[in-house]
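The data blocks that follow each hold one structure.
Below, subunit A partners subunit B and then partners subunit C, in two separate complexes.
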Partner chain A sequence: MSDFTISRRTVLAGSALLLASTALPTIALAQTPKKGGRLVVAADSEPRNLNPAIVASNAVFFISSKIVETLAEASFEGKDGLDPRLATGWEGAADGLSVTFKLREGVKWHDGKPFTSADVAFSALQIWKPLQNLGRTVFKDLEAVDTPDELTAVFKFARPTPFQLIRNALPALSSVVPKHIYETGKIEENPANNAPIGTGPFKFAEHKPGEYYRLEKNADYWGKDQPYLDEIIYQVLPDRASAASALEAEEIQLAAFSAVPLADLDRISKVPGLKVITKGYEGLTYQLVVEINHRRKELADLNVRQAIAHAIDKDFVVKTVFLGYAATATGPVPKNDPQFYTADVPTYAFDVAKANALLDEAGYSKGDDGKRFSLKLLPAPYFNETKQFGDYLRQALAAIGIDAQLVNNDSAAHIKAVYTDHAFDLAVGPPVFRGDPAISTTILVQSGIPDGVPFSNQGGYKNDELDALIAKASETLDPAARTELYKEFQRKVAADLPLINVAEWSFISVVRDTVGNVANNPRWAVSNWADTWLET
Partner chain B sequence: MTRALLLLRRRLVGSAFVLLIVVIGTFLLLEAAPGDAVDAYIASTGGDAGMIELLRHRWGLDQSALTRLANYLWALLHLDLGQSVTFSRPIRDVILERLPNTLLLMGSATALSFGLGSALGIYAGARPGSFRDRFLSIGSLALYAVPGFWLALVLIIIFAVDLRWFPIGGIESIASGKTGLDRAADIARHLILPVSALGFIYLALYLRMMRAGMAEVWRQDFVLAARAKGLSRRRIVLAHVARNALLPLVTMLGLQSAQMLGGSVVIESVFSVPGLGRLAQEAVAARDTPLLLGIILVSAVLVIAINLLVDIAYAFLDPRVGASEAGA
Partner chain C sequence: MNPLRRFLRAREAVAGAIILVALFAMALTASLFFPGDPQAIAGPALLPPFQDWSLPLGTDRLGRDVMAELFHGAGTSLVVGLAAAAAALAVGAIVGTLAGFAGGLVDEVLMRITDAFQTVPSFLLALAFVSIVGPSLGVVVTAIALGAWTGPARVARAEVLSIRERDFVAGARVIGMHPLEIAFREVLPNALPPVLALSSVIVAAAILTEAALSFLGLGDPNRVTWGGMIAEGRAVLRTAPFLSIIPGVALVLTVLGVYLAGEGVVETTAVRRSLS
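Up next, the complex of A and B:
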């Protein structure tokens, strides 16, 4: 193995020189996809349930999106930002009460049975609506799915539902699973949840707990000449340092979802044969947010919230915490969203003097020790960056006389402390923007959400005007009018600061230059990889 | 032989109590940790109030802590370790899958640190105060002071990334289809780095203990007698000095087994070895109480069994110890 790799490296280095001398046309030639090969990818977790129709989360999609397909996938060029998958066309009725999907012909499940509209109806009504973490909200008014023929599924809604929302939800929420596998027994306990059966380019082969997942090529895939790869292996590497070493040792070819820590990227980008890629996550934007407990008297005061916003140097956060791999945020919709984002919102420039003045004005003057008041600050533990931003925020607050006490918890304890017990004053959270504010964004500021719901407004914030705006947008059918309402939503949130949006970031892939067609759609890491190939 | 049996009986009765205390203690500790299995789960998925309630009900977390503990102990009496929340599989299967890897790692590392440690200890202790004694003593202490994960990372960078002599992690090659001896060789190749990382750290302990013991024995009268008899130095070192200094090392072997299990948590993570230590860490993060209890129980049984073996070995090696234990 080692002898082989060394000689291959030497050969590669030689051919790189040759390539350089004959310049670009040769490189273009090298882009013809090849068949075969085993792609080995780093995985940092083993989801307890691999069924993406039940658990719509990136950790699950990362593996199962290659096996189970959705009706449509996100796309850089496609109409409305979508590319057809199991559906070839979709159309919403003017009254918002129905959406008609035309389905792909000649698609077979991995067990050989034909894929039909009955599978779509079953998935939508029996899984997405009652069981799926995100579908329970988006499909709450779905009443029936008519199947006039095998290749047509008509979604019927009890109340007008914006077609724009359904369309935006397709890439993440519409995984179709086979009715004939799931119709007997309890869906949650079906063995296929851990050995998925789908229509995708790869079949689930085996899972060795703690070691790897193995997927193998689906020879009957509907995509012409696809997939290219013979096998995909997800090697479980729980230690964050090991993904980088495994790439360098050529044991794996791809580490997605920032498995290589940001601090290592500079070094790893200089290793011959490795590329650092920031594209391919545009549809998976995470937001760095300061969550605020409005039950706390000081924080219920808008002046104090504005002062905190002025105390945060967003550029510094992007440069130091994210090492440049992020963007500053202006409001609750990220800048890279093509449909809804508006820059026309109140902004808070970094200005410590102004922040201090605002606090003085609000009546919280500095005590003899230079402190105005103390706060409990809980950074979410899921990312290095949320923890590091917690450290930064503590210092930024100290500069304006607010004494923040850091409380570090693990995931389970953090979720309970913030979202159930409300035992925080400020928290640092990483909510996800999922292509439409109605999927998981408005819930961050909306009132009336029961205790214990994670990634929702648990800060006791209540703003009737904002609630009314959210309610109106959720039933506005005209896309232009709906988009306008969400722009107004962004202005209101930025003005009243129920929470403070600091930065927006996505993930980084590190990949061997032998892997082709990387990052060619906005959700690449969680798309089906039918066109991914390996130079052998 | 009866001496050993008596010891065995007394130990087994005592062990049952120890295990009960371990189980209840662990349960209460995990109960006191904020957040439950559902909190840990929704941290990665999100979900609304209805879904959360449904999950708590399905995983039995809507019952009181006392009920759950009673249920667990009752099932345990029937030798049933229960069902893992995170893996949705019987805990017995999950643990049995990982136990061999941990045993292999621990066993090899113990053999390495005990074997090489005592051998070097004899070498150093043969001439106390000599250059080689000082060099080995200081060298081993430096190694002992190194954090385990750091040594592991350094080994990975040198031997797996730069030299590429060994794989960077895992227990065997992925889906290689190897069987029999080929597979054993493959596993051995994967184990060399983690066993070295784990074993070299504890090596110092045995080395220094052996050396200190020998320095002590050198001053005994019987050594003087052996010298007077005109025995060769080599014979004095091995048969008289080292042999008498070896006993405390055997005690240490038993005590160290628990430490090794702890150390393997870090090593298993760094080298991505699918063992019990990593499983325990995942169980805590996921608040999977029954799984963690299962792991702790198995580990406790393991440590008790090793110590029992050590005691029995001791009773054979040193007649004085066994006699007083059995008579007391």
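Up next, the complex of A and C:
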């Protein structure tokens, strides 16, 4: 929990400092960066599609954010939490119907062609809006992108769209890909999806399946003197236990995204030359959530949902499942979010007696065997922690007389069972909070989402009040009023429990102390690493 | 010399038998010593063994009692091992007897099916079956039996081929017994001993396969299994190796015990047969 509070404070302190003296170029570096060297990092998966404009997910960003850049990146100290990348300035119209981006001059694609506003228009209209998993929601009202000159792109929206949302969406949703590569043929089948071409500090060099990805320095990069590294190798190490030994053996220099199991961190932090870093993931908060199928008549009863919330010892989960590297959750917005979070929501203290009383009150008394009813519980298989929490939840439910039967599936089968077939009563899911509730959070409770959309409300929950609130917030342009609506949203969700938020966690990096400029922005692991350097 | 005494003379066999008896004792007394759910959280997480005598073997990452899990896991291993072996032997014996006794087209068809099953590695077959049907105890048993029945089938067929030429079979034919009756009442019982000799290997292999499936997360998640315990412990192998070592040792001893005891029985009976 402490790491979240600290990081939040750092964010605030950082922005205050910069506001005070905008003349400071960057926060002073402890050492001067050196040029050259090869950074070897652990990769635990090999995404099928490496195009971040289509698949906006951390597994893809981890590799391709070095190759394909976004319009802006998240930042600890920049204005509105942003640092310019391909765009140097952005401005929203007062009526919410347009956003103007000023683009960076002199940027070249890796194949030598110049980067222009046509590329931004093409990416936004042809890829982000129709094809991207997250862009479909955020850019749904994007009608046209005007390009008055080569360095200006004006996004036109059919309905008022909050500028705050567009800003918050820039770091994850605005990967720009080259129009001249993608304009012929089907975008989904373009070979560049597996060998991306971008404007970033590194060029895609090769991928040996099952072995490694190799990225090499882009000598024509727009950043002055950047990048520092000559090469980045992503060593494929699917076995989580092996990342720790590879670090110790100096085969790799960085294991991000908690590739080293939490239980090993205590030991590995004592190994000379290795550092355990909890910073650099503030913009990628995962939420541990109990998804509820409201089609089950027992679970449609608010008393039962409240009983389940009271049965979960969130402190135990943080301490035992996450070994302290997490924070307890109060509602659908994580505590470390600087813009929207409110603590003023109904809370559910760990209280087994109260949970039992609520269930008795709801009319589900214990049978002779001490059981009230049976449930199917599907823990998501993506993280060790979601699986372990599944084991814990089964025990927590047993304590209040609910017999939960675990069903284990692989990723594909889990997604189908929960989000398409609705063959679950309770599921454990890890949705991601992406800096704005409208990007990937409201979809978890909103009704009317077609079957099969993953990480959305597939539990048959329908609450007209909440739906109206979400709709209103999506067209409220004033940031203060919009933030207030999302605070109301948090209160309503915590009161009616369409799902139960248990904990919030981020990732841990383990890195050799020869690597410089680590964790210097809130999405560091998925940022472009142009300023990362190696002590040789 | 009676068979029991001969069995008791072989030291390996006795060691195997002792292990097996201990294992059965563990499985049978599990709910006596550790009533309730063995997966209930019993204490602080990651307690090392021999620290707290109410939790003699320590606790796992969630604070579950390793000793209780070990006892309950013994039951799962034995049930799966014995049930899978019984199913494999039954299917194998019937298929082998039918093929050997009927001969001709029936033999051809049955043996080609056996060949087909034999060409697929039995573990892959089990893996595929469980991941399609979904993990539960019955499915795991079926999956293991699916890959194990071919050995008994081939042995039974070979044995039946020689037995069906014996005089007593001809005699049975002459008195007008139905061929199926001859096959299963006269021939099969005589063909069984060498088939049963395979049982110890099959039980041992079945226990290992179950552990491997659970290790890969394809065991029944609502049941404690040793393979599942090893898999759970793998994430903390460097900091709490006992979580993997304890069920691992239990698994090794069990397989060894089954094998040694089985060998002992086979040798004893083999000597008896050759003496008679």
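Rule of thumb we're sticking to: the second predicted complex is superposed on the first by the 506 of 536 C-alpha atoms of A that agree within 3 Å, B and C clash if a C-alpha of one lies under 4 Å from a C-alpha of the other, contacts with A are read in each partner's own complex, and residues count from 1 in each chain.
One rule holds for everything that comes next: a contact is a pair of C-beta atoms (placed from the backbone, for glycine too) under 8 Å apart; a residue touches a chain by one contact, two chains touch by 3 or more.
All values derive from a computational prediction rather than experimental measurement.
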For A:E251, select first, second, both or neither according to whether it touches subunit B, subunit C, the two together, or no partner.
-> first
Looking at subunit A, does subunit B or subunit C touch a larger number of its residues?
-> B
If you stack the two complexes on chain A, which partner ends up touching A:A241: first (subunit B), second (subunit C), both, or neither?
-> both
Regarding the shared-chain residue A:K314, is it in contact with subunit B (first), subunit C (second), both, or neither?
-> neither
Should A:D391 be classified as contacting the first partner (subunit B), the second (subunit C), both, or neither?
-> second
Can A:D410 be said to touch subunit B (first), subunit C (second), both, or neither?
-> both
Partner chain in contact with A:K203 - subunit B first, subunit C second, else both or neither | neither
Counting only touches as set out at the top, which of subunit B and subunit C does A:K492 meet: first, second, both, neither?
-> neither
What is the contact status of A:S57 with respect to subunit B (first) and subunit C (second): first, second, both, or neither?
-> first
Check: subunit A residues flagged as touching subunit B and also subunit C 241, 410
Would you mind writing out the residues of subunit A in touch with subunit B in their complex?
-> 1-2, 5-6, 40, 45, 47-49, 55-57, 59, 131, 133-134, 136-137, 188-189, 194, 206, 208-212, 214, 233, 235-239, 241-242, 245-246, 248-249, 251, 382, 409-417, 420-421, 440, 449-455
Please give the residue numbers of subunit A that touch subunit C in the complex, ascending.
-> 240-241, 244, 261, 263-264, 266-267, 320-321, 381, 384, 388, 391-392, 394-395, 398, 405-408, 410
Residue numbers on subunit B that touch subunit A, as the complex places them | 33-37, 39-52, 58, 86-88, 94, 97-98, 153, 156-157, 160-161, 163-165, 167-171, 174-175, 269-275, 278-279, 285-287
Subunit C contacts subunit A in the complex at 37, 39-41, 45-46, 61-63, 131, 134-135, 217-218, 221-222, 234-240
